[in-house]
Structures are given as structure tokens and as C-alpha cells.
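Two complexes are shown next, each including chain A; its partner changes from chain B in the first to chain C in the second.
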Partner chain A sequence: MGAKVFFATVWKEFRVRLHAYPISFMVSCLTTGIYTNLGAWLMYHCFFEGRLSSDFSLYAGTGDYMSYVIVGSCTYLFVVRTCLNVSRTLVTELREGTLDSLMLAPFHRSAYFLGNMALQTVTTSLELLISVLIGLFFGLQIYHFSPGKFIIAVILSLYGFFGISMMLGCLMLYTRNTYITQNTLFSLIFLLCGITFPKEYLPKALQYIGALLPVTDAVDLLRTSLLGGMTAEDWSATAMRLFVLSSIYILMGFPLMEKAERIALEKMEG
Partner chain B sequence: MITFFKVVWGEAIKQHRNYFHSKTIYISLFVWPLLSFVTAYYGYLPFEIETAKIGYLNGENILIYLLLGYMCMSFFRSLVQSAWNFSFERQSGTLEYIYLSPGNRFAVLLGNALSSVLESMIVMLVFGIFLMFLHKEVLRMQLGTCMVVFCLMMLMAVGWGVFLNACFLFSRDTDFLFTILEEPMEIFAGVKVPVILFPGWAKIISLIFPLTYALEAVRETVLNEASFYELKGFFFISMMILVLLFGGTLITIQIVEKHMRKTGNASLF
Partner chain C sequence: MISVTNLSKTYEVKRRDNFWTFHKEKIHAVKNVSMRIEKGEIIGLLGINGAGKTTTIKMLTTLLEPTAGSYSFDGIDAVEYPQKVKKEINMIAGGERMLYWRLSAYENLWYYGQLYGIQNTVLKERIQSLLQMVGLWEKANLPVESYSKGMKQRLQIARGLINNPNYVFMDEPTIGLDAVITSELHQQVKELARKQEKGILLTSHYLAEVEELCDYIYLLSNGEMLIEGTKKELTDYVFTRKQCAFSVKGMDKQVEEKLFAALREYDTEGEISEMDKGVLVTSERELTAFLADFALREGYVIQELYQKEPSLEDAIMKLSKEAKQ
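For the complex of A and B:
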């Protein structure tokens, strides 16, 4: 039953994306990545001519600013795409008028969302490949690639991104607003999670808020599995924390989503 | 002439009611620019600011330097957004009514741009002045010059908005213009990195945006005590830009109207 819903969702979403939505959406996400890299490149090479302050490598674990930013912006791209696709699915169904027929069908919540997540992971990985190629052009270098750590980091990050997009999805379905909610969350992630600068530069209070978002730990894990700079104990502690945090998000997300669906269905006509 | 201003005022009121019916507008007007400003500020910290190659820049005034950048950019950016919103007018079919009415087309565009500049300006301006007041020891400005430059910048922003609105009248598929203008403006107009340090190709791109010139002049007056005489280049260029933008708008409006007469339906093309 669950597997059937899973594959049906993947197939349905794939067809929808292929037919209804133009490529321009993907292009706009890619250009965001390019602009972030370009902005960092101008800062590093033209404005400050490579003069990093002494505490950067202490906080970042690497002295390579460009690689630091590029890995960060790729992760950010992945979060944004996950949230855009997974969180918005039910709101999109509501807007297109298919939410009630979806609910009438034998709807399996976790299979439905996992299906969406699976498809979006595949498509975004392809986009990410292009971003990495662009990153190489801007000076991305991989120093300490450890495949084992990298695979664990990717799996845990996907788990975390799934959690955060479930929560965002609830909020979107409840408020029936995507524009304000998603962009506010993206701005917060960009500020708090250590995407383009080490989060240690932020005031302590903001660091604590950032620690509540799974993206912070995910970026750290992914970055250190590619560029090094974290001890094994720290790494496994961060991985543990990410796992626990994401589990909380997901465990809270599903019941909340059920409530939000009910409210959305009640409010549908008014 | 009175009818012209009536149309400007009418459009401005309409625009206001369109946007401010919900409080969430304040999030996009204030919270987003604020978050991106704070992010940009922390983005500077990995570097040794003292060694930057701009004479008047140092660790103390970099915050104000960046603040001026984000303040001016938010004025210009609000216009890109209002122009983008203007394209919904076409989709909901109200653009046809505007064209059927005897109202001056230029007045409509002007009213739209004026209302979005003035309304988006106030929150950011209050915040900016507050922050500058807190750091008033780094300010080195002459108030008179500053006011003149500020007024010129607002005029340029309105001109830019009117021109964009006119361009958005052309076609239904305007999302791509938004992609081209929104983020590159932040990078190429020198909001974070001074244009003077750009490589040649980037300098050429930066010349497109009126914000580039306005920002340079604003920073020179506030942080480097530039006088009227030192800014004569800016005054000359800004006049040229204003003539170009408003002239370009008038011509575009003519072309659009001719084009619509030929193709028929405003809501379909």
C-alpha cells in the first residue's frame, strides 16, 4: 500500500513537473548559486585581495574562503529546492483544487511526502552537479575528501532537510501563504546557519537560534567531509545532534501536518 | 495638468490599498532587507577590513558603508518589485481598463512608482537614520550636499521604476526580467564591494544600473565629506540618466500602445 502510493506520487510529480512547469524556475535557482559565488569571489579577490582575518581559519577549519563559500552555497541551494518542492506540495494541491480528491483517495501521508522527497532529491542532485561545475570555475578545491563521512553527511542532511520542509509545509498549509513564509525562512537560514561565513562570528543569542535549525549542523558535516577541519569526536557528536534534531522535526511534523490538512479542508471554501 | 496629478494620486492610492491590506507587507518591506543587511555585515568579518584599498574605509565605518548600500538598494529594489506586480494588472484584466480610460499613461506609471518608493522608503529610512545616529562619530558629512544628493537619488529611483513599469507593459512573460534585475543589482551596483575595485568586465555591467552612480555619491557625501564641487560629475550623470529614463519611458509607452492596437488584446499579449 505504502509503496504503491510512493511510486504513484513520484510518477505523478514527475509528469506534472515535466508538463506544467517551465525550466525557468530551475534556471532562477541556478543563477542564485552563481550570484552567491560571484559575490564571494569579488569580495575575496577584488575587495580584500585574499587577506583573511586570523580567526577565519580557526572558526572555519580551512583557510580556503572560496571553497568554504561554494560548499555552503551548494548546500543552501539544496535546502531551498527541498523546501520549495516538498513543503509546497499540499498548498499547490489546494490551489490547483486537487487537495480534496487527494484526500478522498487512499492517501498515505508518509509515502506521499517521501515520494516527493525522492523525486526532488534526484532532480536537485542533477542541478547541483551543474552548480559544482560552476563552483570549480570559481576555485572550489576538495582537500580532505572522506567518502564514508560524506555519504553519512548526505543521508543525515537529507533527513534534516526533510524535517525542516515538513515543518515549513505545515506553516504554509495553515497560513495558505508561500511567498512570505518561504522567503523569511530562507533569509534566516542564510544568516544563521553558516552558509557564507562561520557562524561563530554571530552573537551568542543568534548562534543558539541557528543551532535549532538542522541546516546548521548539516552544512558543518558536509563541509568538513569535503574540506576537513573537524576532529572525529566533534564530527560524530554533530552527526548525532543532527539526527536527534531532525527526528524531532519529523516526529512533530507529521501530526501537525495532519492537523493543518484538516484545517485547510475546513477552510477551503471560505 | 490637474487631471494629470489626479491620475497620479489615484494610482498611488490604488497601489497603497492593493499592498497594505495585509500586515505581511511589512515583512517583505523591512524584515527581508534587514536580514540581508545583517548577513552582509557578518559576511565582512572573515576579512581584514583595515587593509581595504578604499581610503576612507575602516573597521568603524564599514557598518555605515554597508547600511547606505542596503538602504539605497532597497529603494531601487522596491521598484523592481512594484514593476513586477504591475504585470499582474495584465493578468487580472485591469490593464485593459486603464488603457480604455482617458487617464494619461505616464501619470499612471508615475503614480505607481511614486507610491512604492515613498511607502517602502519610510521604514528603511527611519531604521537607517537611527543606526547612523548611534554611530554618528564616523559620519563626515555636510547636511546640505547630503540632502541634494538624497533627493536626486530618489528622483533616479522613481525614474528607474517608471521605466521598468513601461518595459513590463510589453509582455506577459516578465519573470525573467526580475531574475536579471534583482540579484545582479546587488552584486554589480557595488552594494557590498566598491565598483572601483571591480575587474573591467564587471565595471562595464555596473554602468547599466543607476544605483551604481547614486550609491557612489551618497557614500562620498556621508563618509568622505564630498562637497558640491567634488560631486559635479555625479550631478551631470544623474541629469543624463533622468533624461534618458523619462525620455525612454515616454517613447516606450507610445510603442506599447501602437503594438497593442495592432495585436488587439492587452490581457493576452
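For the complex of A and C:
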């Protein structure tokens, strides 16, 4: 039954989005990537005149700032799009009046959320492909592409993003707010997870907060699989830490989601 | 059979005292409600706004957890085994909720069918027969957003039956619908109970609808069960006295005063109240002969004289007023 719910949810979401979201929505998502890259390019070339501090290479594992930023912003785009859509699925059901009819059915929520995640991964990957092509224009260069590491990094990252989505979804459903919750989280991710600059530049306290977000390790793993810069031991340790952290998010997320569902249904009662 | 014993739901809400502090307050939405629903029966659950009808239905459909009490479906404890119970029940709500507007009617039913784990071959046949039943088969592939209110409500019925439930909960299913569609829906509800042997719990603000459809009625007030019974039992309970509508040619205040004086001689507890035409006379004694006699004696020409059967609406209104007081 889990597989039925999984595929049916992928199909349903696809059909709904096909009707609901115009092409301009996808374009606006791509512009996020373009603006991030453009901003970094302008800062790097016009403001810093192509100069980097001596410790950048040490922290980043590469001296190519533009490639560093483009990989970071692509990952950020992926996180935002996945978390945004997966986490707000139930809140969308609540707003569209289908939450109670959905909750009436005896299905497992995991298949439902995974279905949403799968569709989102496919659509975001297509958007990302375009972002990478734009990134090439801004100077993206893949020096040390390691297919094995890349596949593992992508799988672990998806696992981590799914965990964040669950937790964010709980918050959204509980507060019935999507705007403030998601934007706060995305701002934190952008600042603390090493998207446009190495996290080591941040004060220690902020680095610790950043380490609690799976995106930080996900960005490091993806960057290393494309640009190199981390030893095999460090890479394995980071991968293990990401797996454990994501598992904690997921293990906490499902029971919390059940609780948030119940609270949301009770709040519907006024 | 659905057996409900002392079902209660209490919410804890935060009330703000000032900008910084707040206190918690308990609100008893439903208190010790007990009821039974048999297969093939249509049971009415009535009450004015805030009486606890929707909360009761949501608990019975396992959407809300009760604070206390128990309820079982054909012997299965719903609090302990909600997943098992979900397979046996479904809910049809009024308004335009519970449907994916951007999907077609067929797609909606298909998706809900998948959530219930129905086999594809069975599901295809069921979707067709349900859409034919509610008269939407010809428009099965149109998006729901293009449907009229009545069509959406008919699709709701089909959705509520997609898992072929033994028990169906209907929360204001005809709200906002015109008379023709309401009448069609009534027919379908009756068929579900009488022909398909489904147990139905219906809440409605339209008392005429409850009067037409329900075999047995529960009346809630402030979350508590006020009274239960058949329509006749409820009206007999409320109206122990006889009522007669009465009017004569040229009826005015003077005639009414004369009638009131004669009535009080006949029955000291007798009462008169204004109606659209004439008056409504209430007494514990036989009224028709008394009123005919009165008209003859005073030389009035009778325009209207008939014994009035109290309606369920009259009974519920009276009970609700009494409960409020």
C-alpha cells in the first residue's frame, strides 16, 4: 500500500502543479540562482577585484571563488525548493480544505511525504540543470569530479533535506504560517551553512548553530565531490555526521508531524 | 453498530491577561455524549452553533482524539485501532472542501481510492458506478473548479463512498444548495441507508431535512446530550398539549379577547398566540369542538379551524430556547 500512496502522490502533485503553477514560477526560482551568482560575481570582481584572503583556500579547499559560490548557490536553490514544497504540503492541504479528507484515509504518512519529495527532487533537478548551465557562464569549473562521491553526497543531501522539510513542516502546520517560518530558516541556511563563504569566517557560536543544520555538511560533501578539497577521512566523517544528523531530524519529524496534524485539526475546530 | 459511550472532548486554550501574561482555560466542547448507530439507519445529530456537533463527528471519524470516553465500530475500539476503523467509515461535509479543485472528478476519486489501498480494477469500476450514481459520469474528466456548487456536493458524496464504508458521517451535506439538488441528495442519502444498508449520522441546520430523513435524533446543547428519540417521541415530549389553528371572518383584537376569556373558562391553562392568519390555541383539553361552539355562540363565520401537529422544528426550537434559559 505504501508504494500505491507514493506513486499516487507523485502523480497527484504533478497534476496539481501542472494546473497551479505557471512557467513564471519556475523562472522566478531560477532567478534566485542567477541573482546569487551575479551578486557574488560583482562582489568578487568589482568590489574585491578578484582578491581573496590567504585563508580562503585553506577553509574552502579551493582558490576558485566563483566555482565555490556557484556550487553553494545551486545547493541552496535545491534546499529552498525541496524544503519549501515538501514542508508545506500539509499546510497547503489545510488551506485548500483537503486535510481532513486526507487524514480520514488509513495510509502511512511516510509514503505521502516521500512521494512529494520525489516529485520535488525531479522538478528541482531540472531547474538546477539550467542553473548549472548559467553557472558555467559565470565561471563554474569542475576540477575534481568524483561520480561515486557525488552520488553518495546527493543521496545523503536529499535525506538531510527531507529531515529539514519534516521539521519545517511541523512548524508550519503548528503555526499555520509558511512565510515567516520558511524565510527565517532559509536566511539562517544562507548565512550559516557556507553557501557563499566558508563557515569558518563566522564566530564560533554561529558555527555551532550552522553545524546543527544538515545543509552545512551537505554543501561540503557536494562541493568536495565536484571541486575536491577534503581528505577521504574528512569526507567520510562528514558523510557519517550528515547521516546521523538527518536521521535525528527524520526520527523526530514523523512523531512531531503526527502531533502537529492533530493540533492543526483541533485548531480547525476553533 | 457504532457504540459511543460518554465521549468527551476538552480543549485547553490560552487566554491573554495582558501583553506579557496569559492563563490557560479549559473548554468542554463535548461532555459525556453517548449514542448508537445501526447499519441501515439515518441518525440525526442536532444542535445550535457551537453545540458540539462537528467536534463529535470529528472524534467519531478519528480525526480528533477524545479526552475521555470510548466508541467502537462493529466491536473495534476506535481509540485503540483508528487505522482499522478508518477503512469502515467516511465523511461527507458541506461546502466546497475535501476535493482537489485542480483535478478532475475521476482523478479525485482515483487518488482517494489509492489512499485507501483499493485495487485498481475494483477502483475503476467503483469510480464509474459512483459517478453514474451522482450523475457526473459525463463530466468526469472536467476539473472540479469548473463544477457548480451542486456538482461539487454530489462529487463529495461519491468521494465519501469511495472506500465503500459501512458508516457515513454527513456534516451539513446540503448547506448552500438549491431545493432541487437538495431533494436529489435526500433521495441518494435514503438509498444509501435503505438499499445499501449504510449507517448514516447526519448533522444539519435544516430541521425539515432531519425530519424527512432521520429515523432517530440526538439533540446536543452546549456539548451535552439534551434529549434523544424519534421525531414523534421528541414532539410528544415537548408538546404535551393540543394545538389548533383558528380564524374567523373579521377577526380582530376584540374577538381574540373574547376567545381568550372563553378559553380560560374552558381550561385555566389554555393559551393563545398570534399566527399569520388568526391565532394558535393551545390547551390540554379537546379544542376543535370548543372552538366551533365558540364561533357558533358568538355568531362568527369560521375561516380556518384545524388541529396543528407540532413539527420537529417547533420542538427543537422550544428545547433549544429552554436549554439556553
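Here, the second predicted complex is superposed on the first by the 269 of 270 C-alpha atoms of A that agree within 3 Å, B and C clash if a C-alpha of one lies under 4 Å from a C-alpha of the other, contacts with A are read in each partner's own complex, and residues count from 1 in each chain.
Here is the rule we go by: a contact is a pair of C-beta atoms (placed from the backbone, for glycine too) under 8 Å apart; a residue touches a chain by one contact, two chains touch by 3 or more.
Since the model is a prediction, treat every value here as computed from it, not as a measurement.
**Student:** Which one hits more chain A residues, chain B or chain C?
**Tutor:** If we count touched residues of chain A for both partners, the winner is B.
**Student:** Does the superposition put A:177 against chain B (first), chain C (second), both, or neither?
**Tutor:** first
**Student:** For A:266, using the defined touch cut-off, is the partner it touches chain B, chain C, both, or neither? Pick first, second, both or neither.
**Tutor:** second
**Student:** Which partner chains sit in contact with A:231 here, chain B, chain C, both or neither? Use first/second/both/neither.
**Tutor:** After superposition on chain A, A:231 lies in contact with neither partner.
**Student:** Touching A:96, do we find chain B (first), chain C (second), both, or neither?
**Tutor:** It touches chain C, and chain B stays clear.
**Student:** Does chain B (first) or chain C (second) touch A:125, or do both, or does neither?
**Tutor:** neither
**Student:** So, A:191: does it touch chain B (first), chain C (second), both, or neither?
**Tutor:** So A:191 only meets chain B here.
**Student:** Applying the touch criterion given at the start, work out whether A:15 contacts chain B, chain C, both or neither, answering first, second, both or neither.
**Tutor:** A:15: touches chain C, not chain B.
**Student:** Check whether A:104 is in contact with chain B, with chain C, with both or with neither, and answer first, second, both or neither.
**Tutor:** Only chain C; A:104 stays clear of chain B.
**Student:** One more residue to check, A:5. First (chain B), second (chain C), both or neither?
**Tutor:** A:5 sits against chain C, while chain B stays out of touch.
**Student:** Which of the residues in chain B come into contact with chain A in the complex?
**Tutor:** 24, 27-28, 31-32, 35-36, 38-39, 42-49, 51-53, 175-176, 179, 183-184, 186-187, 192-194, 197-199, 202
**Student:** Which stretch or stretches of chain A touch chain C in the complex?
**Tutor:** Residues 1, 4-5, 7-8, 11-12, 15-16, 19-20, 96-98, 100-107, 262, 265-266, 269 of chain A touch chain C in their complex.
**Student:** Mind listing the chain A positions that touch chain B in their complex?
**Tutor:** By the definition above, chain A touches chain B via 24, 27-28, 31-32, 35, 38-39, 42-44, 46-49, 51-53, 56, 60, 65, 177, 179-180, 183-184, 187-188, 190-191, 196-198, 201-202.
**Student:** Quick one: in the complex, what on chain C touches chain A?
**Tutor:** So the residues of chain C in touch with chain A come to 11, 29, 54-55, 58, 61-65, 83-84, 86-87, 89-91, 93, 95-103, 107, 110-112, 114-117, 143, 159, 163.
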